[in-house]
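Let me begin by presenting the structure, written as structure tokens, before commenting on it.
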């Protein structure tokens, strides 16, 4: 029975995700029994859940290393190089995020929080391994639904509720956009299977097919741009980052971007009949759209970041502008110019993703460990003189901010350089314009990153010294940065 | 053709659809609450405009189902769905809005029936009308015991939003009515695949059944055989082996939308997706519990 | 019986019959109407219902395409859509209740504490002022001996 | 003797010596800078002393070993392990001997020591091929070291004088708050100077040329809280930049035309120089002029001499170190080193001579009337540097004069280092005793109070004045002799005749003002300034012994190497110089002796016998006196023609910057603010309006994509 054989084999392809999801189920199902009705939990419960989480991620990493590559599979899952890479990135940053969440959560909700994190990681991985529109869609939802919970569970106050409802409403709105596009893609291609769509598209030239396909793809792009925080789909980011906990913000700054990029790379190349994302050559309309969006995103993100007084909001806008940088890579990914490698832009984006993730998580980790429960770091004034009070955190943050600003010799510098060269080497007017604007924006961005560093090192402190909390996360982030 | 000529041609060819959409727009705007709390202008003119608009839009397609009863059902369900949707988004009382939503959902389910999806129609009715709407109504009642609230009497930026939405709708309808998209149907199953499928399904020896048109009926066997011959000829034309979700294919014994066919699809091709959806449901359930305020110890 | 147009096409491409196009347009219209409601209304529950309406549009398109494509994938997709919509509805209800407990209102514009620092708040109408004018006054018994005051026409309760 | 030493020095050891010479001061500088303020404090001199001693000993060994170490004829006395290294190829070869060496000195990879392929008995040279440091196109710049005759002499002189100055300085600076800083800077300075003279390419030379400038900046501005010191250090730095501009232009020209910046390739290739000179007759004069411009800045030649007298604001040991013996000699060294280039630019050589003449005359005239003891010495330094340049430029008279000219200049540099260091240190001792008062009008008759200082100062002054048999006598004779030769041969006889007269007059003036200072300080009635307290004290032993040693050197060094022409013989073997037969010029000797004694007598008669005379003469020649006292108004003139116009230009620039550029930039900076001010209105916190913008964006994207499709 080939069909059922296929299914049986498919189970072997997603062992890391199965491990993660099994852990999620265990945690969700047992957690309520360890908490009293009023929400009291035995102190230190979070350590047990945290260890379980790390254990699960460790097992998933092991399974990931052992996992085979199945290029061109037709079943529900396909592990190509992209999926393999994304899995690695997700799991490793997931471990960092788990460490970051460790001391930021209360014992009573630790299980839910950690389980949500694992579910999110599994969702990202599933999007990357799915070989089916439905798989991609469910993966996306597996990312968003736990995210609502993470946002809500972080704190119990007005702001966290506001954050959750905002993210929730905009998320379902963007999901609807994606779904409408997906419905039309299915309708025009005749199958939800990405391999089948690829084949049909290659046979019938779907890239030049009906204009409805363009409409559908544009709607999908718009919906996914919400995850990439591309302007004008970015609105939730500043408000949400400002209102939620730093750990949730760290997750939110990175994971949705990964899942967005991966989802785009799963759906779009298939609709153009390319087996590999690297072969994808978008139509000029789509390229223009990506390019314009990236220009607007970079510029608006940086300009708005310049005027921020809240450090979390500033980081949100910087996250938006980073989304713009990534869009540059996507816009030039389909080189189309003779001699240019089509995958240069993609490679640059895929390199930039983990670099950005580590930097971003590092900054939020430093922020959350430098602040305290009583006095979290929110406004830029809170950072004054941080180097005297919390030198380790200030240093970690400085390193990460240097990376964000793209100053050599950090990874951020090479990431931006890769993107720049990818755009420059494509050697079209559009891509060169993109490259120039990228460079200009990098310069603008450097000013506010350096301003933060200046505040930390050259201003007088206003923060009272309190017991430090959560030293582990920034150090972990720093280590991975230097590695 | 230059851009302006193209635009003129476009407007001329789709004048009916465009005019009806304009009427519909005016209908929505008439009924939509304003920026400030003002008394309702009365629904009748808006309702008339909306009805005319919806009917005109559907008429502009200039097509009918082969079966008259189907045609009547289509008109009834479509118009009820769209008008109720319009009333729902313009209703000043959220209870009414929820009820209009229920009505729109029911009509949509009727359209599902028309599109060979009886199971889905039933499932949607059960899920939405039976669970979602009722729950929402409970919440509305709970929240608004004191009657009308100001925020239900106002709406922001109605005109630009309605225009933008109808630009999208107009784009879609003009695109598909001017040049109906050619969809790529899945190529017929060739012998080897069909054998594999036959071995799987056992009784599916008859191969595929065309689900085109309004057919829920089974085609005569000889016609099917002729079709199979044609399909074999097509398959021989050096095409690569098609990639399909085998178990989702409609067969003679499992036509599109039948419970068996859908079950084979869900628990065959989409087995993992079902498991995944189950996990998501679990997360959502526990999440909803976690979000819900904790009760005091001992309290119910 | 009408021969399916799909078998006429040698290259595997067929035109969608016009009668099914109508259904697709109905789906798109539901989607668009839902979007309008989502963007203009202020009641949290209505917003979520409008989101569901958009998903109805998507479901209708999927089901129609499923019929056209002669496979069950469209319907399977719809079922997953339904599942996710149910998940979101459940979460939404819990969330709305939690929000209602702290704000005592379902107005989405109350939730604007997080915004750019120097942007003016969107105006929020006082609900009390509205109750009188919207559905009209609740009929009361007039004092004995007085003529009942005639209600203005516009303020008649809407059916 | 040299044979025995070189046979004792296998190449490994030789390499070690070469590395130790700059390495020891570098280590000392780092150690003192890092540990000085907290750990060493008043013991900060110890690293410096030991490093300079090591450096000096190594320099001496190298100096003695050099003539044979790299001599191909002497190879057989070098152990076989090393004989593989100095081969004919000229490329670095890692022989067996080097393996052990690399283990010892892992920091310097692929070091090789070799005698150049061009090395002959006539010009021995040791070249260390260091790690490559800079690769630009075909240019590759490495830390290549080169020691040949001229470098060896410079090294010995620099390290020797520096060691004595450091000894003196530990006494002089005792108790100063910046004690560790002083020794760190001195060590750094010596390191830079050693590297400067050991560099084997122009870029490395330039690098350390700038390092020397930096260290001198730090040392001149040592008491930076004193406004005058800060201003002086700034002035020195800025004036030097003008010269550095010339040097860097010269290096660019050399790089582009010669395709290399290595001394071996450029200077050791007379054929190529001749070809280039023949191909483009303006090229070499241009290069040489630029090089000379650099030398003018560093060696304080007219009109860039203004920084040196002001630089006396630094501590007196610093004056002795930088402004008498070492740093200012860098310019002389550069011109001497580039003799092969200058040979093809006789016009520039004449310019060198003329500049030297003008400088020395002006400086001597100014020195006549200065009352600040250190300033007198500073102007005498400028004047003596002018002498050296006069000599260096004599090569214009013909190829056969070149080598005598260069050796004469270098010889004067060599002797001058000792007696000028001596004079400065003695002046420092006076200053120390007088409570930091150095104006000669406030004290006199110190010979009884400060006997050691008195005697040593007398020796130094006599040497400077050119009293026969003392150091200055021999070298000044050489210069006058070579000037005589130049004024009787070649194309520029008339010019050199004038220069010779100037030199003679300057020599007379030198003797006069030196002894004027001496008599004013040490003779006459015994007077002390109030700052000195009731009893001035003689120098402590740690200050006295360097004075004694230097006095002995100043007295004997000329006698030791002058009559035997050993210096000349040694120096001739530098690359680019031709050996010649040195001989005495009795006529010149007699004349210069007469001049010296005349000058001294005049000073004696004016300031000891009849102290009223100078005042009367000053009254008679009031305008000239004023001119001299005010330093010919050179500072003012420079201010008027250079600084003031630049200031006005600067004002204009500032105005332009404020009014135009700033306005532009400011308005540019308001763009993000205004744009974000507009954008912020979309960010009002209402979630449905966010969704609205998303929706508009999506619809716009659809429409745009379709219209572009």
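All chains are identified by letter, namely A, B, C and D, in their written order; residue positions are counted from 1 within each chain.
By definition in this document, contacts are C-beta pairs under 8 Å (C-beta built on N, C-alpha and C of every residue); 3 or more make two chains touch, one makes a residue touch a chain.
What you are looking at is a predicted structure, and each value in this text was computed from that prediction instead of being measured.
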item	value
Top chain pair, ranked by number of contacting C-beta pairs	B-C
Centroid distance [mean C-alpha coordinates] between subunit D and subunit B, Å	90
Centroid distance [mean C-alpha coordinates] between subunit C and subunit A, Å	30
Separation of mean Cα positions, subunit D and subunit A [Å, integer]	61
Numbers and ranges of subunit A residues touching at least 2 other chains	134, 138, 141, 145, 148, 152, 165-166, 169, 173, 187, 190-193, 200, 203-204, 211, 215, 238-239, 304
For subunit C, residues that touch 2 or more chains besides their own	12-13, 24, 28, 31, 34-35, 38-42, 47-48, 64-65, 68-69, 71, 73, 76, 80, 84, 87-88, 91, 95-96, 98, 108-109, 111-116
For subunit B, residues that touch 2 or more chains besides their own	156-157, 161, 165, 168, 171-172, 175-176, 181-186, 244-245, 269-270, 273, 277, 280, 283-284, 287, 289, 291
Pairwise touch network: line, ring, star, complete, or other	complete
For the subunit C and subunit B complex, residues of the former touching the latter	1-2, 4-7, 9-10, 12-26, 28-37, 39-43, 45-46, 48-50, 52-53, 56, 59-60, 63-73, 75-76, 78-80, 82-91, 93-98, 100-101, 105-109, 124-127, 129-131, 133-135, 154-155, 158
List of subunit D residues in touch with subunit C within their complex	680-681, 683-689, 691-692, 695
Partner subunit D, residues of subunit B touching it in the complex	156-157, 160-161, 164-165, 167-168, 171, 175
Subunit A to subunit D touching residues, read off their complex	165-166, 169-170, 173-174, 177, 211, 214-215, 218-219, 221-223, 226, 231-233, 235-236, 238-239, 283-286, 288-289, 292-293, 300, 302-304, 306-307, 444
Of subunit A, residues touching subunit B in the complex	1-4, 7, 10-11, 14, 21, 24-25, 28-29, 31-32, 36-39, 74, 76-77, 109, 112, 115-116, 119, 126, 132, 134-135, 138-139, 141-142, 145-146, 148-149, 152-153, 187-193, 195-196, 198-200, 203-204, 206, 209-213, 215
